[in-house]
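Below is one structure; the comments refer to it alone.
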Amino acid sequence: MVTISRKSHFNAAHRLYRKDWSDQKNENIFGKCSNPYFHGHNYELIVHVTGDVDPETGYVMDMKILKDLIKAEVEDKMDHKNLNEEVQEFQSKIPTAENIAIVIYDLLKPHMNPRHKLAVTLYETPRNYVSYSG
Amino acid sequence: MVTISRKSHFNAAHRLYRKDWSDQKNENIFGKCSNPYFHGHNYELIVHVTGDVDPETGYVMDMKILKDLIKAEVEDKMDHKNLNEEVQEFQSKIPTAENIAIVIYDLLKPHMNPRHKLAVTLYETPRNYVSYSG
Amino acid sequence: MVTISRKSHFNAAHRLYRKDWSDQKNENIFGKCSNPYFHGHNYELIVHVTGDVDPETGYVMDMKILKDLIKAEVEDKMDHKNLNEEVQEFQSKIPTAENIAIVIYDLLKPHMNPRHKLAVTLYETPRNYVSYSG
Amino acid sequence: MVTISRKSHFNAAHRLYRKDWSDQKNENIFGKCSNPYFHGHNYELIVHVTGDVDPETGYVMDMKILKDLIKAEVEDKMDHKNLNEEVQEFQSKIPTAENIAIVIYDLLKPHMNPRHKLAVTLYETPRNYVSYSG
Amino acid sequence: MVTISRKSHFNAAHRLYRKDWSDQKNENIFGKCSNPYFHGHNYELIVHVTGDVDPETGYVMDMKILKDLIKAEVEDKMDHKNLNEEVQEFQSKIPTAENIAIVIYDLLKPHMNPRHKLAVTLYETPRNYVSYSG
Amino acid sequence: MVTISRKSHFNAAHRLYRKDWSDQKNENIFGKCSNPYFHGHNYELIVHVTGDVDPETGYVMDMKILKDLIKAEVEDKMDHKNLNEEVQEFQSKIPTAENIAIVIYDLLKPHMNPRHKLAVTLYETPRNYVSYSG
């Protein structure tokens, strides 16, 4: 089994808050991240696919196909967007790095070969990142 | 003359648009960057100060003082903020990377030793950056 | 389960040697790293915490709390220090990257939620690093 | 158990193609990578060795020995080479990143302490990499 | 005056040699880089454009236009290519990093606003790079 | 004129203090950096050489020769050393990043082609660096 990993990039605005909490409680829990005017990040995404190497091609999976899949399913949906306002999945989920990683995993998983294992790593800043593998 | 350089970081939301242009013209000129719901970036800022080395301390300028100055004048003003909505300088200036760099220069310059030369480099994404030296 | 990772930084002096070995044996085993005048590194530390995502906050753990914990338990103890001379744990342990990672793990572990899994990655140079997960 | 990791570097030319396929089929499957005139990469290699920390030295394994082993077994064989034309292992295997990682693993494994676990990570570009652990 | 900088990427094969020198002389001067089977690199290119900020748009130049220009003039010509065999400019010029930077400058310059100053930085490896500004 | 740049690396211990100042004054001016037990850094050094491209070789200067020169004049002198205690130049000069850059420039300059312009960039940490060009 070999894991192939592909890095991609999108940038977006977000804020962390719950409608069912007061502004004060949102600020207590989420600090500056609850700013009602939003802030934003350059998200660096790494998608990992683990599987057997096809003896005919020497590939686990064609990186070009993986790149195009990430573009179609993730970048086109999130790049230059406001996650809270424009991405349906975050109507009901706070767009923390953890939840964004889970949403990305769930967007990609149905398109993967079922014999392949999927994992995602998401950098929210150069110093903060999260990983999720289902 | 030696140049000392200090990297710092802030993240913010912004959009590129002019109120005096139609939405269509804004989109033609600024593309995805004019998204009315905003998007955002991790801005990496490098501040460069050029001057003589003080023979007593071996410093052009104490990096700790420079770090604190960047925090007070730039990070506290822009970090986790919406540049268009919350930073006064961008009421009348489009927050392109070029203009953000000029604003940062203008915020720092009055606090610098007049014998020192100032320059700023601002990464908007890992692939796009700008430099300004007055 | 999601893993959140936080990078931090400290720099320190150290040397690798055993008091119970001759200088010659120390040099044979540890080479330049046994220099009696010490040398030093910029250590880049990544702390990984794995756990369930709290459905209320969307967090495994607040990154701000993790950042403050790393500062209190690791940076305040090791930053700008001589590990051999000033950090008690290395009175009886050689400060190799492996042992520094284990000491950091042991410093952080008692402060972690017992349901969370902890791991640490420590870069001694941009080309050498170690990982430990208990 | 601690994992130590050592980064190294080599650059090489390669192309992806199968002699038993037509030029057209090679291009359909491998795209630009099948260019008959070759193209090339700066390969960044990370070798990971997992084992117990020797209580006497504080090392899993001396990084200097690992560095020299990577030079002798991998760099001297692949650096500034044409993988297809000059590296015997790729006479019968397409030099995809996956296969290069497997070949590197197989070159290093016989030289490792059998109690140690080996893994390799190979960056073909800053955005594409693969991992293999036997 | 502000400088905007855009990073891009291509990978290619090359060798350093002169047809009018013996193999031995080529090897004496160019070492491993003269390998007749070629080797290759991931070239990281940074294009710098210096000019006034357009008061209407806040841009020196639209980064999207610069990105597309680099793709059309440089990437399409050099990416996944053998520089010696497939890029006309290197029929008569040795493809050293210095010469590749000069060729890239000469390819881009005619497309630039004549009031703008152009410079290019080219990384041949993470440790070796060159800069040229006409 | 083209500039070629070569990155290299050394790590060392140092402290910032003046023998002719009290410990208190040293701490007031240099803070944690005056720790009498020393601390240390991974110094990343970039050496820049500017000159004409030799039409015969396509080189400003052979990078291999520059690499060997940096090793002989800088790395062998400073790597794994205590700058204050073991490097003669810092008997009379405080080893700030500024002064280390000047010392490195002065070590390299006599070995350079007099028609070439030399500059050095020295990273003391990933966030602090200095540049000097004579």
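By written order: A, B, C, D, E and F. Residues from 1 in each chain.
Keep this in mind: a contact is a pair of C-beta atoms (placed from the backbone, for glycine too) under 8 Å apart; a residue touches a chain by one contact, two chains touch by 3 or more.
Everything numeric in this text was worked out from a predicted model, so none of it was measured.
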{"item": "Most distant chain from subunit F by Cα centroid", "value": "A"}
{"item": "Pair joined by the larger number of C-beta contacts - C-F, B-E", "value": "C-F"}
{"item": "Whole-Å gap separating subunit A and subunit E, where each centre is the average of the chain's CA atoms", "value": "34"}
{"item": "Whole-Å gap between the CA centroids of subunit B and subunit F", "value": "29"}
{"item": "Between subunit C and subunit E, centroid-to-centroid distance (C-alpha), Å", "value": "41"}
{"item": "Touching two or more other chains - residue numbers and ranges from subunit A", "value": "126"}
{"item": "Touching chain combinations (by label order)", "value": "A-B, A-C, A-D, B-E, B-F, C-D, C-F, D-E, E-F"}
{"item": "Subunit A - residues contacting subunit B, complex", "value": "9, 11-14, 32-33, 35, 37-42, 44, 79-82, 85-86, 125-126"}
{"item": "Residues on subunit C engaged by subunit D in the complex (per definition of touch)", "value": "16, 18, 29-31, 93-99, 101-102, 126-132"}
{"item": "Residue numbers on subunit D that touch subunit C, as the complex places them", "value": "1-8, 53, 56-60, 62-64"}
